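Below you will find the structure I want to go over with you.
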Amino acid sequence: MEINWLKVLGILITPVIAFIVGVTYGGLTRIITARIQNRFGPPVTQNFWDIVKLYSKKTNIQHGVMQHLAPVFAITASITTLYFVPVIRESTVFTNLSFQGDLIFLLYIMVFGSLGMALGVGQSGNPNGAIGVSRGLSQMVGYEIPFVLAIVAIMIQFKTTNLNDLIAMQNNFNHWIIFQSPFAFLAAILAFLGMMGYAPFDVVVAPAEIASGPPSEFGGKYLGLMMTSRSIFTFAKLTLFTDIFLGGAGDFVTLVIKTFALYMIPVLTGIVNPRFRTEQSIRFFWAWPTVFGILAVLIVVW
Amino acid sequence: MNLEKENKFAKQINETFHSAVVKVQRERRIIVELRSDLIPPFLSFAKEYLSFIHMAHYSCVDWLEENKFELVFMLWSYEEDVMLIVKTKIDREKPEFVTIKHLWPQAETYEREIHEMYGVDFKGNDRLGEFILEDWDDLPPMRRDFDTVKYAGEHYFTRPGREDAQDVRETIARHSGEEIPDFAKKYSIRRDEE
Amino acid sequence: MFSISGIFITTFVSGLVAFLLHHSVPKIRDWFSIVIMGVIVYAVWELPVKANLLSFKLANYNLVFGNTEYGRLFALIVAVLGFFAILYSKDFMEGKPRLGYFYMAFFFSIGGMFGIVYSQDLISLFFFWEIMTWSSFLLVIYCCKEAQKIGLKYFVFSAIGAYSIMTAMVVLYSSIGSLQFADVFAGFGKMDFWSQLLVVVLLLMGFGVKSATMPLHVWAPGAYRITPSSFTAIFSGALSKMGIFGIGLTLFKIASATGFYPWVQEILAWIGALTALFATFYAVFATDAKTLLAYSSIGQLGYIVTGLAIGTPLSIAAALFLTVMHAIFKGMLFLATGAVYYRTGTTDMTKVSGLIRKMPYTFLTALFGIITVSGVPPLAGFSGKWMLYESLIQSNHYFLVVVIFFSSTAAFLYLYRYIFSLFLGQEEKETENVKEVPWLMRIPMLLLALATLVFGVAPGLLLHPVSAAMKYLGDFGVTYQTSVLFNEWGNKVDMLTVANTIGVVFIIVTIIITIKGYRSTRYVTTKDIHTSGEVPTENENLTYAVDFYKPFERALGSVLKASVDKIYNATGRILEQSFDYLRYVYTGNGQTYAMYVVLFLTILVVFSELIFGIKL
Amino acid sequence: MINDKYANKIVDIIQNFARKSSLWVVAYGTGCGAIEIPPTMTSRYDAERFGIRGSATPRQADVLLITGYLSTKTLKRVIRTYEQMQDPKYVIGFGSCTINGGMYWDSYNTIKALDQYLPVDVFINGCMPRPEAVISGFIKLQELIKEGKANGAQKYKENLEWYRENQRKVIKNWKMPDYNW
């Protein structure tokens, strides 16, 4: 079998790039939050040092093999998602494995990590963790409906389920799906708010109520791995949304601009909002976002 | 000052409980002193007939000099806006009383506190266990013969260098010009002066 | 040896022999059953595919048996799952009473299912259908007194199903004059509209009872819960597939010849999707592990019904793929639940927790099971779900795909709850002495778990027999490679790449995280958790197991309050009252009954001559 | 090859810098001093500038901030919380009460000197110490960490028996899991 070394290079460096970008975005988020709250805020490298500190903890505890593996599940899902999303359009290095999978596959592989995490949290035996998982899964059922409606609308409209085809069809500014199918974008971006887990949909990790919920028994290297995974996953999800709605990116500058613009939507929403209860957020997702999703499908059909 | 309703209450109380010492202290304050075995009927009387439906407070006072504990109930009438303070004295050597939780459920918690802090035993209250203090094995700490300074010195490491600390009672007595009674002096002497 | 009659005779005779052995030499009873079942698996595998292998005349009817690719798929499910279940039964059923009865009913139901899938005419299908129903009914009422009521429910619904099939047979026979499949399939298109409609509806109803399609699912949760777990695996994994088998035949061989076929498809697809949706909701709030799996089973069969009803090649492939997968993963999950029951004596999820360290193999099985059910790659459930979604989208069933997707997402809720409550969570003091189950019980579970992995990486292996079976149903072809799935727009997903990626990343990160700080990582018990500084005592129960999905319940509100069960109960009450009057008829006098019998026969003769023109 | 000694030193420097720049404080308000934490964390004083952040559980935290007096009942929970934290971990004694009992010098159920029971890295004096003082205490801790001197956890581990003896003297009903590394 012939080995395409450019592909190998891409597979090796994409997670690193994703990690760096994700961590920087995390730092920027904290600065922006601080500025909005009239504070100075931590340095931009703060998240990076947090992760390094967590890895450098001298002792770690685990409650069993599933908890040991839970962050591994999470990061596997993050990296696999990343590999199956084309990062840079028509690039040999950064399309990775995106020709081998499709959108429905991505929807499912994104859950892989949450499921693994949930199993680990379950084994940690902390009731707070289990409550967090219960809330998280319930909320996931909530935002999945508008998201799937949006994705289905797009798949029907463009008669493809492969991301590369979708990107190729959005070759021009006015072909972006955000303009072609605005309702799908609305539904998806509202679901995206829930997916990112910022306020008002942060009841899963509510620190004051359930002691940060799922990760409450995770510390040291496990928490570090989880934060690494979250950085990569944030980048992967942003890239996925950019690919679907904003026509992908031809180079890294465009990619950073587009993903950052998308990222600011949940972040800014999160800063100015209080927290929904679980059933409130589920009802929220089943109200307007779902209506937008149905509209998107109906518009495509007619 | 219009004490019409207070006097009316006092009259009603006196008519029913002849041994009750009723004093209208001021507007909206009536103080009743009563024998301890008459307290439960009196409280039900106050609740059912005199409209004192709210038990606002329930506490205990240590009268070391008389060798008595005094139980104090504060009842409030929403209809007349009057507070009725009921006092009774019980034996200090073997402090016993009956529970009144059937009249006011919240009394149970007050009784638990009084039990823990003064050692009063309430018959009929089955939750008189450990309440706020954990693993307490000394005298009940709110009794006046419990020496908190001595206890603290014996049980906790005290960092040297605190010389300014004084007993509050001494300071108060000095400022008000009162003489500390002899029996009280026993408990108020600082440990290092012994 | 490899003849249909051989398979039938072996199955039924060994049922009787097992019964007799139980009463004479109980020691060899289990091994005898295992060996026989192994032989049957081999025979089913080797049986040549031929439409007419055995035929004989009984009264006026030709009874024909044959092996088709479609029947072979189902026969293999029955045989393999039956073999695993009987292997599992040896230790699981040890010490239980009336084991001869159990084995006999077990073999008879297996034989009944073989009869159904091999029969080539409706008479023998009905005959074996009834044998299967009877023997499974015997197993439903096997356990205890409580089971009788549940058994009655099962029996009433099975009877409804059987009578609808019988009525359909009568209608078919009266207009076609033959009940052989070949004649029925050929002649059905020429029947008049109303008889066609009646036959299709009755057949779908009859088969729908066994596949527990809503609103005929009411019997399933109770019956699945009360049967011994080793048979529940068969019950849910294979027996309910007979309904799917029948629905497939009805749809593609009978209904497709009619003018209202698209309507049937649409309605059945929606029934399937709604079954999946509501069953999932009920499963989310179930507290008993087997009830949960029962509802899950109903929901999964809903997907299959939808897939069959859509009728595009990809969707049929998805449905048949899911049929096999459902047999595998529901078999696994029921066997794993049975293992928990075997060791702890309960399947109540609020009572058992923290078994992972005690029963690691069972946990592994359950883990593979739930990953497969949820359809997360790289295990095999994903391939089936993927094909189903793609086919739904490409056949323009937009809202159907959302409903299916939604119930599939909601399935995560109950699946997580299942594995969390039984295996994860706090390690309880009551389960301190629990051990792993014996090897004979582990082997079937682990082999099934392995199968999910193999079919997950290489779905083509399973799509090969599936596409052969589709050829029998009609001119359906589906494109696939050993590890690559294609949809109708030409998009693909390469399961081998997926599995490799996940596997490599997973292994690398696992090695890193294990080596990093290996010495400083220590294990602590589940009592050593953050409880705001409080030290939990030994007997304190910290597991979050009751009302697990309260927020979700609140969000759903009154949707769940309406239950089909309640409607049936109301109907039952009304019927009960009206049957009070019937007591005047049932006098208890033998002569009166004899008169009734004579009267009934007279009416039967008169009606059959007058209406259907049949000479008895 | 790089000399192991130097390599380790460089790793140490990086790790200490990371530990210094990221201090997660477990949210355990013991006494009245907890009221000084909100102004320290929020806009007016903004402790997040220094990487100081609250964390919900001891498993994730680095710093245990004892905000004021400790009754014996609370002490048991604080010890448990401290033992659940992961090494390296630091204790900051906050307010006079943790130093010499403060205004509770004669109380029958508060401890008078925290360092008898837990290894304190930094004391912040005052009743109450203002947020400026709190932040300066944190900066002092950061300096100690950077120099590698804040090794309270090490001290605790080595002198566990001495600490245990003191703790058991106060906590009569000792039903705690062992502290076993």
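Descriptive notes on the structure:
Letters A, B, C and D mark the chains in the order given here, with residues in each chain numbered from 1 onward.
Just so we're on the same page, contacts are C-beta pairs under 8 Å (C-beta built on N, C-alpha and C of every residue); 3 or more make two chains touch, one makes a residue touch a chain.
Note that the structure is a prediction, hence the values are computed from the model and not measured.
For chain A, the chain with the farthest CA centroid is B.
The interface with the greater number of C-beta contacts, when B-D is set against A-D, is A-D.
Measuring from the averaged C-alpha position of chain B to that of chain C gives a distance of 72 Å.
The distance from the centre of chain B to the centre of chain D, with each centre set as the mean of the Cα atoms, comes to 40 Å. Spacing of chain A relative to chain C, judged by their CA centroids, is 36 angstrom. Of all residues in chain D, those touching 2 or more other chains are 57, 59, 76, 87, 181, listed in ascending order. Touching of two or more other chains is recorded for no residue of chain B. Residue positions of chain A touching 2 or more other chains, listed in rising order: 57-61, 211, 216-217, 220.
Applying the touch criterion to all chain pairs gives A-C, A-D, B-D, C-D. Looking at the complex, you find that chain B touches chain D at residues 132-135, 137-138, 141, 146, 148-149, 151-152, 155-159, 161-162, 165.
Residues 14-15, 17-19, 21-22, 24, 27, 42-43, 46, 48-51, 54-57, 59-60, 62, 86-88, 153, 181 of chain D touch chain A in their complex.
Against chain B, in their complex, chain D makes its touches with residues 72-73, 76, 99-101, 105-113, 116, 166, 169-173. Considering their complex, residues 520, 522, 527-528, 530, 532-535, 537 of chain C touch chain D.
The part of chain C that touches chain A in the complex is made up of residues 354, 356-357, 367, 371, 374-377, 382, 385-386, 389-390, 393, 396, 398-399, 401-402, 405-406, 409-410, 412-413, 416, 419-420, 424-427, 487, 489, 491-494, 497-498, 501-502, 505-506, 509-510, 513-514, 516-517, 520-532, 542-544, 548-552, 554-555.
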